[in-house]
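Labels A, B, C and D are assigned to the chains in the order they are written; within every chain, residues are numbered from 1.
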Amino acid sequence: MRYLPLTDSDRGDMLATIGVSDIDDLFVDVPAEARLSGPIEGLPTHASEMAVEKHMRRLSKKNLAAADAAFFCGAGAYRHHVPATVDHIIQRGEFLTAYTPYQPEIAQGTLQMLFEFQSQVAKLYGCAVANASMYDGSTACWEAVAMAGRVTKKKRVVLSGALHPHYAEVVKTMAKFTEDEIAGGLPSMQGSPDDAGLIERIDENTSCVVVQYPDILGRISDLTEIADAAHKKGALLIVVNTEPVALGAIKAPGEMGADIVVGEGQSIGVGLQFGGPYLGLFAVRDPKHVRQMPGRLCGETVDAEGKRGFVLTLSTREQHIRREKATSNICTNSGLCALAFSVHMTLLGEKGLRTLAAENHRLACLAADKLDAIPGVRVLNDAFFNEFTVVLERDARELVRDLAEDDILAGVSLGRLFPHEEALSGGLLVAVTETASEEDIDALCSAISENMA
Amino acid sequence: MRYLPLTDSDRGDMLATIGVSDIDDLFVDVPAEARLSGPIEGLPTHASEMAVEKHMRRLSKKNLAAADAAFFCGAGAYRHHVPATVDHIIQRGEFLTAYTPYQPEIAQGTLQMLFEFQSQVAKLYGCAVANASMYDGSTACWEAVAMAGRVTKKKRVVLSGALHPHYAEVVKTMAKFTEDEIAGGLPSMQGSPDDAGLIERIDENTSCVVVQYPDILGRISDLTEIADAAHKKGALLIVVNTEPVALGAIKAPGEMGADIVVGEGQSIGVGLQFGGPYLGLFAVRDPKHVRQMPGRLCGETVDAEGKRGFVLTLSTREQHIRREKATSNICTNSGLCALAFSVHMTLLGEKGLRTLAAENHRLACLAADKLDAIPGVRVLNDAFFNEFTVVLERDARELVRDLAEDDILAGVSLGRLFPHEEALSGGLLVAVTETASEEDIDALCSAISENMA
Amino acid sequence: LEEPLIFEIGDSETTGVDFAFASRLDLAGVEQPKQPTAASEHRSRLGGLDRAEKIELPGLSEPETVRHYTRLSRQNYAIDLGLFPLGSCTMKHNPRLNEKVARLPGFADVHPLQPVSTVRGALEVINELAFWLIELTGMHGVAMSPKAGAHGELCGILCIRAALEARGDAREVVLVPESAHGTNPATAAFAGYRVEDIPANADGRVDLEALKARLGPDVAAVMITNPNTCGLFEPDMKAISDAVHEAGGFVYCDGANFNAIVGKVRPGDLGVDAMHINLHKTFSTPHGGGGPGSGPVVLSEALSPFAPLPYTARTDDGTVHLVEEEDAESFAQEHYGTTMQSFGRMTAFHGQMGMFTRALTYILSHGADGLKQVAEDAVLNANYVLRSCEDVLHAPFAKSGPCMHEALFGDKGFGGELTTLDLAKGMIDEGFHPMTMYFPLVVHGAMLIEPTETESKASLDQFIAALRHVSSRAMDGDEGLKSAPYYAPRRRLDETQAARKPVLAWEEPEAPSGTPTQSERGGR
Amino acid sequence: LEEPLIFEIGDSETTGVDFAFASRLDLAGVEQPKQPTAASEHRSRLGGLDRAEKIELPGLSEPETVRHYTRLSRQNYAIDLGLFPLGSCTMKHNPRLNEKVARLPGFADVHPLQPVSTVRGALEVINELAFWLIELTGMHGVAMSPKAGAHGELCGILCIRAALEARGDAREVVLVPESAHGTNPATAAFAGYRVEDIPANADGRVDLEALKARLGPDVAAVMITNPNTCGLFEPDMKAISDAVHEAGGFVYCDGANFNAIVGKVRPGDLGVDAMHINLHKTFSTPHGGGGPGSGPVVLSEALSPFAPLPYTARTDDGTVHLVEEEDAESFAQEHYGTTMQSFGRMTAFHGQMGMFTRALTYILSHGADGLKQVAEDAVLNANYVLRSCEDVLHAPFAKSGPCMHEALFGDKGFGGELTTLDLAKGMIDEGFHPMTMYFPLVVHGAMLIEPTETESKASLDQFIAALRHVSSRAMDGDEGLKSAPYYAPRRRLDETQAARKPVLAWEEPEAPSGTPTQSERGGR
């Protein structure tokens, strides 16, 4: 076996050193009746690298890669061009094969990177402090809800109907066990989010209000009023963002009064990957909330010679110290994905991020105008960034399936996200990033025209 | 421009430091009439990484990649499975972006690797010393001929007719200018190489005899007699090998009396790459010939503290010291390809190389037997390693073109290698490596059967 | 050279990404892409929410970026550089084939919500991996979506809670032995349970009698780490399971250390109801800098119906289906003739696909025989370390028999004021990453060493020599260790200051101390 | 930790490659590859030449291999770590996009002798790159196959010789200025010419009058490096060309330093007949450890017909053809109405395809405007270094006007017995790779510094500060420099010993000094 360096003669020498004669002497604690005598039957035995690669390549070819399609899917995962440099760096052995930085003296590479990452996320979100990442946007969203409960000591959670339904589902699932009360709903099919309706649902028992920005239909509106209303009732405003590129064009949630900003960082550096691993971002506007934050934090300090250095800090919040009193049971972050995000963001810089955002918006506007001109197709949004909802005069889910036959991935239907909701069945979410060419947009429009009948 | 770190404000500051006002003040030595005022017209301007990648991907898709075909091409370039580890290592920035190791104190990585590489090549070839690589097999072959001239002070070169015709062409081209006399020919279409005929052509004026092993038709025979005959006349025996994997199964040229062994190292670690960059291997059996060798050499030494270290050595043979008296005008080697070769060879080790060779031979025997059974098809070779010649009752070159339509790359026709030679037009070189599955072999056989009519 | 922060070397006007659109790239004129439509032709639809303020994200050109991160990386220790003996947090060789496979466009460049007809291969990967995990553990089902080990633990406990609720059984207590991972009690507490400790016996194992004594109608589950954090296998596992089941509870097994027993024993045969598997530990997916992880949970027949959504299932015709909220009920009815009572959804989308491709690649490379060898070599290496050092370091459970994948030592006998921390920092100067420190809690000054199966004997011998050397220094009370490390990128770091005055994000220095003038810089 | 040789840690029984054939990989049974046919079923066809003796190639498992080479790599300096100011041997940023593109299966996994119909894209790459090279240099044709700069030089001189022979003109002498690269005279000599030097004038440039005086009917060519190795542009280039042409000779220009002028001036406009281009220098293809290179040669109309085979050509219908020995004559007749008189073939196959894809990717990324900026920034950076250091180091040609891509200094004024070598080794301790030493020969103790355009101002300022510091030490005669470097993976290495008693390959120590016993190793 190519991954196992011991030779049979090594094994013999080592058993002798240990003082036993057979490897099974080291497994004596496993009851003999449960111990397997040979390899588990019915399973393949070891294979050459070439054979495994061929097998996996065959499986991969059963998927339609986005690069081979006209591609417009979004709904919480966006396709952007990731510079080759990003992948080069995350494959450096010193990053790829380092563990959690428990020994900071020999982990400054990871730690400084995390400090830079935290700083980038905080600035992007308009917040004071961000943590060193979480599993993904949906779990970060739940962690924010749980944190709001700890901060406010209240149990009622008001979810916007226009929150990504997977995120809402995760919150509801978790809340079942913590006995939080969840108020949710469906998105209103209007040009702008129903902010007034949301504000009405906030009461004195509300721990937090959760809104998505841009929302699941791609709509955007100023959140200041919701923030004020929440704060007036002693609740926190949690803003969820699933497309960080948007924040290169539109106001940061922190600027509008959000208390906790969480999101999915996948757009920057990470790639689509069929949904994971992704990158949970988590930030708080007010530094006083830091000690209630979940997840790892990297902080600046000095070494014995006074040189600047970085360490994991405030770990008294964490499970390996606090056990059942921890702020969260999370132990792992998404270090490598955070690195990818940070490298990509460093390459972009403010200038690149703003240009990227502008190009996304330009193409999305172009696509929206062209789609809106098709008979039987109407763009719902008053405002949007790079994703918007069109309302079709036929079932959007079927349309998406039909177009996929011709290698056009037209977007995500609301029927996929909100099954069995008749009122939403004509809705199609179309995301347009810089990876879509104008030819792709034209191909989408003609295919939809032809298929509207 | 993403690769240019200077900002406009940097440029202004630097011009001020230099004491000029405009960048063109630094180009005053370029006569004004020749200086271009703006970017050259009619050429594209700079482009995003995404645009360039799309363009290059489009071009790449116009080629039929070997992995997408049933693949049997050889004739000096062989397809083998290269472990992913090899590519990972050659992409380490410390190897990829290091220059020639002129400062050994900070280039021990490259130097130790080259020392290990030289040692591996010497052992593989059964020689005493190998150099740190050359451009490719064909140029190494010419360098060997030139070296034989320096050693023997003679000018007559006897080439085996079964030397790769590209190699023979390179030797003939170069010899035109050095006024060496070349005796070559075509390969005899027999089961074994015409060693007796070759021996007859050696005379007192012969500086060297050049034979390929296995030869261009895949044939192998014991070279001891040729070596003896050459030595008797004061000539050197140069053995060319284009498939190093073969030497995991068959005798090393050095064992049979070859004085200089050269070859193409591409099979191990480097990949097909449409012909380049490849890896010239060069070794001598007798250490006394070292000072006549072309190319760089890495040697062991000690540092000021007595620690073992490595340096480029015997550079008095080289052009940057000797100018017109250098052993060769070569300045560049194939450092990265040598690294790829050495990593792959280290992964293989003797055990892996022998197993790989055995698997190649097994599949080649299988294919030969199946092909020989097809009416109108005859296997020429008495002996072979992983490549052999079949003689068809139709023009092999056309057949290859026809089969390519069905994604079967059946091999290299002798008509491609020796155009306009009617007697060879039915010959087809079939190379079978471990990358060919038995299904591929069956596909080849049925396609040939069907197309023999 | 010290590497500055990106905020110190970059600025908001520099970028390493171009968005230029060449008029055409192909000189032959075959392809002439149109110039992009000018933005001005389309009105902005940002609803007046334009981000006006500077974001202050620094940018670097591409060469500067490569150099910054390359230099940073060299301040890290990594498995590619040497042995990484973190007990309980295995870091072993990451095969590069896995990385290559994960980057195939058919896996890396696929959206989670593409129509199912366009992602059959991805679903097959999930399904094949699920099949392997079930076979290797001898269990009935598996929940693939948990994002990491702790997330998997939560999934397992939530399945248990859902199963108990389904039968109307409101139990309140989860028993956790002392030797468990810290995540175990945190998880149980999060799921709304009261956590009670079960003491370890003198051997470092669960005290079976104490456990039995505590069992009763209020105990929902027992969470056992097996092999446990002392590196020992719990030989009474089956008896524990039987007792728990008899009392109406469930057995959760923390499978973080499954790498020690994979192919040697199947937890399902020991009565386990739920167990998460850390793919990065047992199946070598990369975990650079602390993640990502992936924590599928294998489940017994009793718990399988309660698993979270989504899941994949292969029907008799060989097709692999993606089952989500929409059709979970109907699918189970149609294909299994049972009802699903999923407790919900733990994450958006389908789990850590990128880790699944890597883990499956690893598993196929080893096969059933290779995986058994993995466990054997891991255990052999750990025992080799244990027996090669027990004469110079206190090994509290050395008499309890062989260890499994990790060797445990304590600080008993250290001279002067020296601590486990000092010994660990001393190992840094020997060129090694230190072991896990102060865990498990049951041993004073614990040092937990897990060499893994991907170390050669030569490498172990080097490590052992270094450990013996530093241990002797610790026993002798060598005060020099107090200030170790001396030869690392940083000397010992002040963690107290970091926690007392947290600096968690970069801030522009308030009064910039003046940029150097031209003459100061150039010296002229 | 010192890294041993693979021969010291590996053995011939270990391998990091498996050849096992699993009976099946797909658990669902969709795919069931056959077991391979046993070798014994087929008789061996090795003709009795089986390799019986041990080869003694050491093998390592995959984890050991990764670690060995990763550790070795860290003993290297590289552009990814810092500035690499090797004058005349530019090493600049290697974009990772180029690496990615070169690895696309359609480029990397294609055989050079596949039928032309299956490699149209590869031929288009060669053709597009050829087009760019012609346009950027203002020349008429290009030979793509030379494998490196020196190979390209040879190609150019052989074209000249073939052209002269074609007109029956047997000239014997090639004139080479002192400031030329060492390869120039080596090349001319190889091609059978007698080499004569032309002195440099006090400005470091070709002495035009001396050159003119030497021209005559025996002079086949003049080989000029421009910009020359003193980092200066030859302002008389056009006058030189005119004089040479008038005397019936040809002008070869060594284009190694083309990166200084790309987009600013076209050598074709200066009367050059042949010039090689080092793709790795000007167009940033990787050159790790000294290769591979790639040296296409652009040619004037007079020389183009003599270019070596093979070449690519695009016909009016947009198809790109591969022209080889077989059809060179007929193709030229049919499509150009001219005859080809190719001097032959310089290499097997078609040249450095892997470098072509990278160079084209680089060129398309920059475009015509970006390439002009490349030259400007390269020249700006070099002049910045020159002017920032000329007060502390002797700059012999500082008065000759601006330099081009590289700044030249000499050792005049060094104190004590200190030499350029000592200063260079001192730079290592400052964290930088030294400059090119003792080249060009026209300056005593020459130091040639080429920063390239991919360095930031901050990086240059750091370098300048370090150079100024070490220069002051050299001027002051600081004997400490004699023993530098102190902080490198190795102290100064004994090159004399290496050359006197060459050890060029590993040999098993004759009397192994006894393997350590168990107790010695483990200490027990």
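Operating definition for what follows: contacts are C-beta pairs under 8 Å (C-beta built on N, C-alpha and C of every residue); 3 or more make two chains touch, one makes a residue touch a chain.
Just so it is clear, the model here is predicted, and its values are computed rather than measured.
J.: Can you check which chain pair, A-D or A-C, has more C-beta pairs in contact?
T.: A-C
J.: CA centre of chain A versus CA centre of chain B: separation in Å?
T.: 47
J.: Just give me the whole-number Å value for how far the CA centre of chain B lies from that of chain C.
T.: 45
J.: Just how far, in Å, is the C-alpha centre of chain C from the one of chain A?
T.: 18
J.: Would you please write down the residue numbers of chain B that are in contact with two or more other chains?
T.: As it turns out, chain B has residues touching two or more other chains at 1-5, 13, 17, 43-49, 52-53, 55, 57-58, 67, 83-85, 87-88, 91-93, 347, 434.
J.: Chain C: which residues touch two or more other chains?
T.: Answer for chain C, listing residues that touch two or more other chains: 11, 13-20, 22, 25-27, 60-64, 66, 70, 74, 80-81, 93, 95-97, 99-100, 124, 132, 364-365, 367, 388, 454-456, 459, 522.
J.: With chains as vertices joined when they touch, what's the shape: line, ring, star, complete or other?
T.: The chain contacts form a complete graph, every chain touching every other.
J.: Note which residues of chain A are touching chain D in the complex, please.
T.: Contacts found on chain A: 1-5, 7, 13, 16-17, 43-49, 51-52, 55, 58, 83-85, 87-88, 93.
J.: Flag every residue of chain D that touches chain C in the complex, lowest number first.
T.: 1, 9, 18, 20, 22, 25-28, 30, 61-64, 66-67, 70-71, 74, 80-82, 92-93, 95-96, 124, 127-128, 131-132, 314, 318, 364-365, 367, 388, 391-392, 431, 454-456, 458-459, 461-462, 464-465, 468, 521-524
J.: Can you check the complex and tell me which residues of chain B touch chain A?
T.: Its residues touching chain A are 2, 48-50, 53, 57, 67, 81, 83-84, 88, 91-93, 347, 434-435.
J.: Chain A touches which residues of chain D in the complex?
T.: 13-27, 31, 33, 60-64, 66, 70, 95-97, 99-100, 518, 522
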